[in-house]
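Below: the structure, in structure tokens.
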Amino acid sequence: MTDTVLALDGISKSYGAVKALTGVTFSIARGEIHTLLGENGAGKSTTLKIIKGEVTPDSGTLTIEGSPVTEFDPANADRYGISMVHQELAVFENMTVAENVFIDRPPCRGGLIDSRAMNARTAELLELFGLEIDPRERLLHLTPGQRQIIEILRAINAERKVLILDEPTSGLNARESEILLALLQRLRAQGQTVVFVSHRLGDVLQISDRITVLRDGAVVETLVNDGLTEDHLVARMVGRVLSAMQHRPAAEERIRQPVVLEVEGLSRREAFEDVSLALHRGEIVGVYGLEGSGTSELSHALFGLIPVEAGTISITGEVVDDLEPLSMIRHGVSYLNSNRKDAGLFMSRPVADNISAPVLRQEARFGMIDEKKLAARAVAAVKRFAIRVASTDVPPQNLSGGNQQKVMLSACLAPDPSILIVNEPTRGVDVGAKAEVYRALTELADSGKSLITFSSELPELLLLADRIMVMRARRISGWLTRPAMTEERVMALAAGTR
Amino acid sequence: DAQEKRTYYYASQLQGHPYLLDSLLGMDYAASKFGVDIVSIGPQGWDPVGHAEAVEQAIAKRPSGIVTTLWEPGAVPAIKRAMEQGIPVIVIEAVVPDNGAMTFIGLDNYEAGVDTAKALIAVGGDTGKLVVSGNWGASNTDAKFQGLMDHLKANSKWELLGRVDDKATTETAIDAAKTMYNTYQDMTGIVGLDSSSGTGICLAAEELEKDITELAVVVNDREAPVLECIEAGDIDATVVNKTALQSFMAIQMLEAYNDQNIGLANAPISSDNKAAGVTPFPQYMYMGTEVIDKDNIQYFVSQNMPSFN
Amino acid sequence: MTEATSMAVATSALAERGRRHLGPLPLLVVTAALCLFLGLTRENFFSASNLYSLVYGVSIECLAVFAFTYVMVLREIDLSVGAVYALAGVMSGYLLLEGVPMWGAITIALAAAALVGLINGLLVVRLRVNSLMLTIGTMLLVRGLVGVMTTTLRGNTFPRPFRALSREQLFGVNVSIVAMVVLAIAAILFQQRSVLFRHMCYIGENLRSAVIYGVRADRIKVMAFVASSFMAGVAGIYTASRITHADANMGLGMEFTMITAAVLGGASLYGGRGNAAASMLGLFLIAVLINGMAMYDIEPVFQQFVIGALLITTVAADTILKRRG
Amino acid sequence: MQLGSMPLLKRWRLEQEAITFAVVLLLVILLAWGSPAFLDSNNLDSLQTSMAPNMIIAIGMMVLFIVGLFDLSVGAVMGLSGIITALVLSAGYGMGAAIACGLGVGIGIGLINGLLVAVFGINHLIATLGVMYMTRGVIEVLLLGAPLAGFTSFPLAFTMLGNGSIVGVYWMFLFALALVVVGEFVLRRTVLGRRLYFTGGNHDAARLIGIDTKRMQIGALVFSGFMAALAGVLVTARIGMANRYLGIGLEMNIIIACLVGGGSIAGGKGSAIGAMLGVAFISLITNAFNLFEVPSEWQSSVIGAVLVVVVAIDGILLLRKQRVSWQTILGWRSPRRNSATLPAE
């Protein structure tokens, strides 16, 4: 494949003090799936944004179809035939699914939008992912996972020369990502050029033709994908070999530990029914369910974010009478939201303020804030999770997606909770940091904290959880305990096969 | 139907404006005297659209007559419409040309300005340095100012130092007056042209603990604080419109027009006024002004005013 | 990330703060420049009496803008301030003329004002209604009540003892000025250090996040609305005592003055930002401008043109400076 | 492929408008039943002529709401354009020239607003408020020393613009209705309309997908300026003379109308039909005051109360749709608007 679609040559970009990219050089061949790989903040998104024309590089040249790009603005996408799925959701809540899919060039008859055709086409696209959504439904009624898919469909539907996907699978569950990967391979077969970013090395190895590894804003090298292993990739990404994570020692004795959180017959119409579970001291319970199984509602309900219609939650024996976030926090519960764009961060406030948000009251004396303490706290967190940030006064909106996630996790851990409700803890986090996060979570458990982890990444759950609760059709479809915990059995329970 | 009670509509905006309360008083008086019903409709505050709607929709009630005001011409089409349908309309208080109404009964603002000038000369002599407070851009203030200055130029050596804008709101008026005192240290006379000016001028002096009894202070209208300040001697005189009279006369004229026993409609201007398209009303009826000062103040304070309903 | 970089983190933090805390500086510069200009060109501008009149005139509205600003920080807005201001003022006068003893009348009036705020707040948090639309409603509603009272009062003057209130002095200056200074200082401290203000910013920036981190969003919002109405009420009563009679036009269009001042002071319609002290400065700037134009005897009808122009230029300057920083 | 059934109102995105429509209908029934004068031709004409200009302005304002802006200068623009038209006419120029000048004023001021907001990034409230003051200033300066109302000799053709009617329906009103229809059509069926919604719905996202959001904002502000000017010309034609007080305080009524009509200052929401219904609501309330002879001092209370109730009902309905229990809505326990799956407000 020597037919080059676009080439970057010595592209550099810095934001104030931060050098996002330094002399990035690589090229993308027609009809290949080319993956950008790198740690959080390595410069993947920035590179993609430059290709699409959203970001203007400080130096270097970008050549598309042999002609160098002179001015950079979002309209380039149209001009040069590029479509992109952004790492952060870019959807329109008040518009229908169809309208979100057909943002540019809706089907027209006589200069007028032909909504019938539009809805029909959208329905077809939705079927690709087996989504039973009415194209005329407004997006605000959809779940984050569903929104992510809509955005992917938008990009695919544009049928542009180059298709860019920045961590498209981060919001998807296993089944959905499988579908997406298959779809991409099918598109490649039709000659579509794809630029792909993901932290899921398995996926990367499965579909990529070539892989360009970035580290600290520079290209390490571009690899051709045959006989590569995850270790190869990790070694190049991180510059060192990571020791593989180990399961925590077997969990029998933990079951004998006292129960800290007990849920009985929790129900909410159209969300989940009759959910009961007992969380032991020092235990990690994983919860898994496909889109629509009610898991996200359950996580919200457990933290008192949405009212329930039946059932009780009791913590260390006493029933929590008012299910509100505040009272849950008072009971030592802390919550990590699944979608950082929606809630969990203050995008334009300093990282320091974000990390200290939950502990402001504790850290204060007579209601007065002690900035130094907070700064110290922030710096510690930045070190702990290797957050790539110029200073603790940079707002998250200037951080890479993965680093935003790390900031959010730090905030969630700040109050030193005894019970954690964790949603998608490593969404968009790179392998290195992932290990960090896993270590942090297991350490918490070892030190006697208890965790309920909601994740759509099965391997993650299998690694972390002592027990896994599987949901299907808004009900508990079964419990699995190590060693009986395997990918197959979880999926079986989740999808209801057998 | 001459027997049954006639109903008149007072359709206007600024129904709640204290300045027009006397006008309403005059109407109550007329109602009691002539045994007619008078219905007030229209917005409480400034609302030209609402004003026009009030007049137009009063027509739909088929009244024996309509009284309205014209601070701005928005209601002119409505007036013409009513007249076309044989409903007599009288404009009071403020007017615009070519309004199509039977007549205007009210104040000639220019003349009121002239009267104000006369009052100023009466209390302050024919020479001095003058500052004027008003609601600039409002037609009545501008007209009064014209009359004031024309007369002063012609008959005195008063010179104008400057003008301050009080927006016809008391809070603003006080601060505007304070600015005036602080800026024009050497003035010897003050004139206030809208209903809030006097209050502002007097209260500002009070706040600055400035003794203005020496200055010649002549204002317009009869807000309660102004009357107090005249009693206290801070304000020398105020020139007031006979608002109660204008509304009373509006009703009286309408009655005279509608009541065959009085027969104003058929005053022998022509053999048949209607057919000839003759308006049996004087074109304008000006109330002229009265001057309130220490000597007659007690007859104007609202506590001593009668009420009729 | 290495030790070195984490050191860098700590140090460059300070620099970053400095850049963000440009704050009300542009406004301060503009105001100072205007004052200087007037002082140099008009001999009476810097006269004690004129400056005092300016400050005193502003001080009353400052009471109201104080809490109003914090409502904006919460990403809400309270357009009913002007009406509540009038309500409290006219109502206290009304009750006095009904024979209610003075402090009783004032208490009732303030309670009424606070009640409006409570209603605003509760409806906003309980029914999640848009505060702009809601407070337009309450504004009209309250205006109506004011109208009813002014109509029955027929513009009569209030009893002397009530009118004496606004003449009360403390440390040789009017009480409202003392109150303004106290509030300004309080505001600065409050914004600098207090947990509550930080929480307000969180709410304004992202309500959902705030709640996840245990901020009592609803309670704080209700409090803010009550405070806004209450302070407006205080200012209203003070003004009523000052203007000595029931004036239907009281506080008309005040809500726009408030928003303008707050935005001049760096508040955002989209919440998360705001500085009550700077809002007060904004009010002062407008007052100085009007004062100056009177001193220059500028054609009165042309003055609002100038105000509009200044409004835009000040905010423009601010916007552009911020973009640089 | 076959789409499942979906409630009409939801499919057409007119849920909120439907509430307003219900209220308007209620008012009409109340009036027709309560006052014989309601169906009197004078009253119907009055309703038409007072609604028409406000509808025209409201359409412009609603488009601004859709892109996430609003314009406080509409009243002033209306006034100035009317005066300019009158001045040009009385200066002896033709009707076409006069109207062109009047509309030009609106476009010009709209453009200024647009540049201030989109290019200089000045907060739209401040920008349009400032422009309102400035425009009012210009009006006063233009008419300095001029009589309250002059220029009363307009050509008949011009005055007919505001007074002409066929079978009891004013041209002005028909024109406004036509604009509503066209507006609704453009908003729903054209790419331009879509882009307006995108711009207001999620500004950053719209920029990312290559919509020129600056152009959209400027365009919308110019449009609202133009519509305000159009209304100004028509009203001047109707009154038959220049009016320096034209449109004072109108912006508030228009904004109320748009909010009642389902617009949202948050952007991305609203419809021309909603604008029409909102205006109808305001006019009918006023009509009720006049026909039922409600004492003026109570009027604004009534409007306020109605507004509050409508807002409250709207909020409650939304909460119920999200299955928030009654005791949560009314009781002391606060609803959790932060819930991530509940549709964002």
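Here the chain labels run A, B, C and D in written order, and each chain numbers its own residues starting at 1.
What we mean here is this: a contact is a pair of C-beta atoms (placed from the backbone, for glycine too) under 8 Å apart; a residue touches a chain by one contact, two chains touch by 3 or more.
Because the structure is a prediction, the values reported are computed rather than measured.
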Among all other chains, pick the one whose mean CA position is farthest from the mean CA position of chain B. A
From the C-alpha centre of chain C to that of chain D, how far is it in Å? 29
So the centre of each chain is just the mean of its C-alpha atoms; given that, what is the distance between chain A and chain B in Å? 72
Counting in whole Å, what is the centre-to-centre distance of chain A and chain D, each centre being its mean C-alpha position? 43
Averaged-CA centre spacing for the pair chain D and chain B, given as whole angstrom: 34
Find every residue in chain D that makes contact with two or more other chains and list them. 140, 296-297, 299-300, 334-336, 338, 340
Residues of chain C touching 2+ other chains? 143-144, 147, 150-151, 208-212, 301, 303
Going through chain B residue by residue, note those that touch at least 2 other chains and give them in order. 16, 44-45, 137
Full set of chain pairs in contact is A-C, A-D, B-C, B-D, C-D
Under the stated contact criterion, what part of chain A meets chain D in this complex? 54, 74-75, 77-78, 86, 90-95, 99, 103-104, 106, 108, 111-113, 115, 119-120, 123-124, 127, 134-136, 138, 140-141, 143-144, 269-271, 296-297, 300, 304-307, 309, 322, 324-325, 337-339, 342-343
For chain B, which residues count as touching chain C in their complex? 16-18, 21, 44-45, 134, 136-137, 162-165, 168-171, 174-176, 178-183, 185, 196, 199, 203, 207-208, 223-225, 228, 302-303
Partner chain B, residues of chain C touching it in the complex: 42, 44, 47, 49-50, 53, 56-57, 143-144, 147, 150-151, 154-157, 167, 239, 242-250, 252, 287, 290-291, 294-295, 297, 300-301, 303
Which part of chain D faces chain A closely enough to touch in the complex? 1, 3-4, 6, 10-11, 13, 188-191, 194, 197-198, 201-202, 204-210, 212, 268-269, 323-325, 328, 333-336, 338-344
Going by the contact rule set out above, which residues of chain D touch chain C in the complex? 116, 120-123, 125-127, 129-138, 140-141, 144, 252, 255-256, 259, 264-266, 296-308, 311-312, 314-316, 318-319, 329-330, 334-338, 340, 345
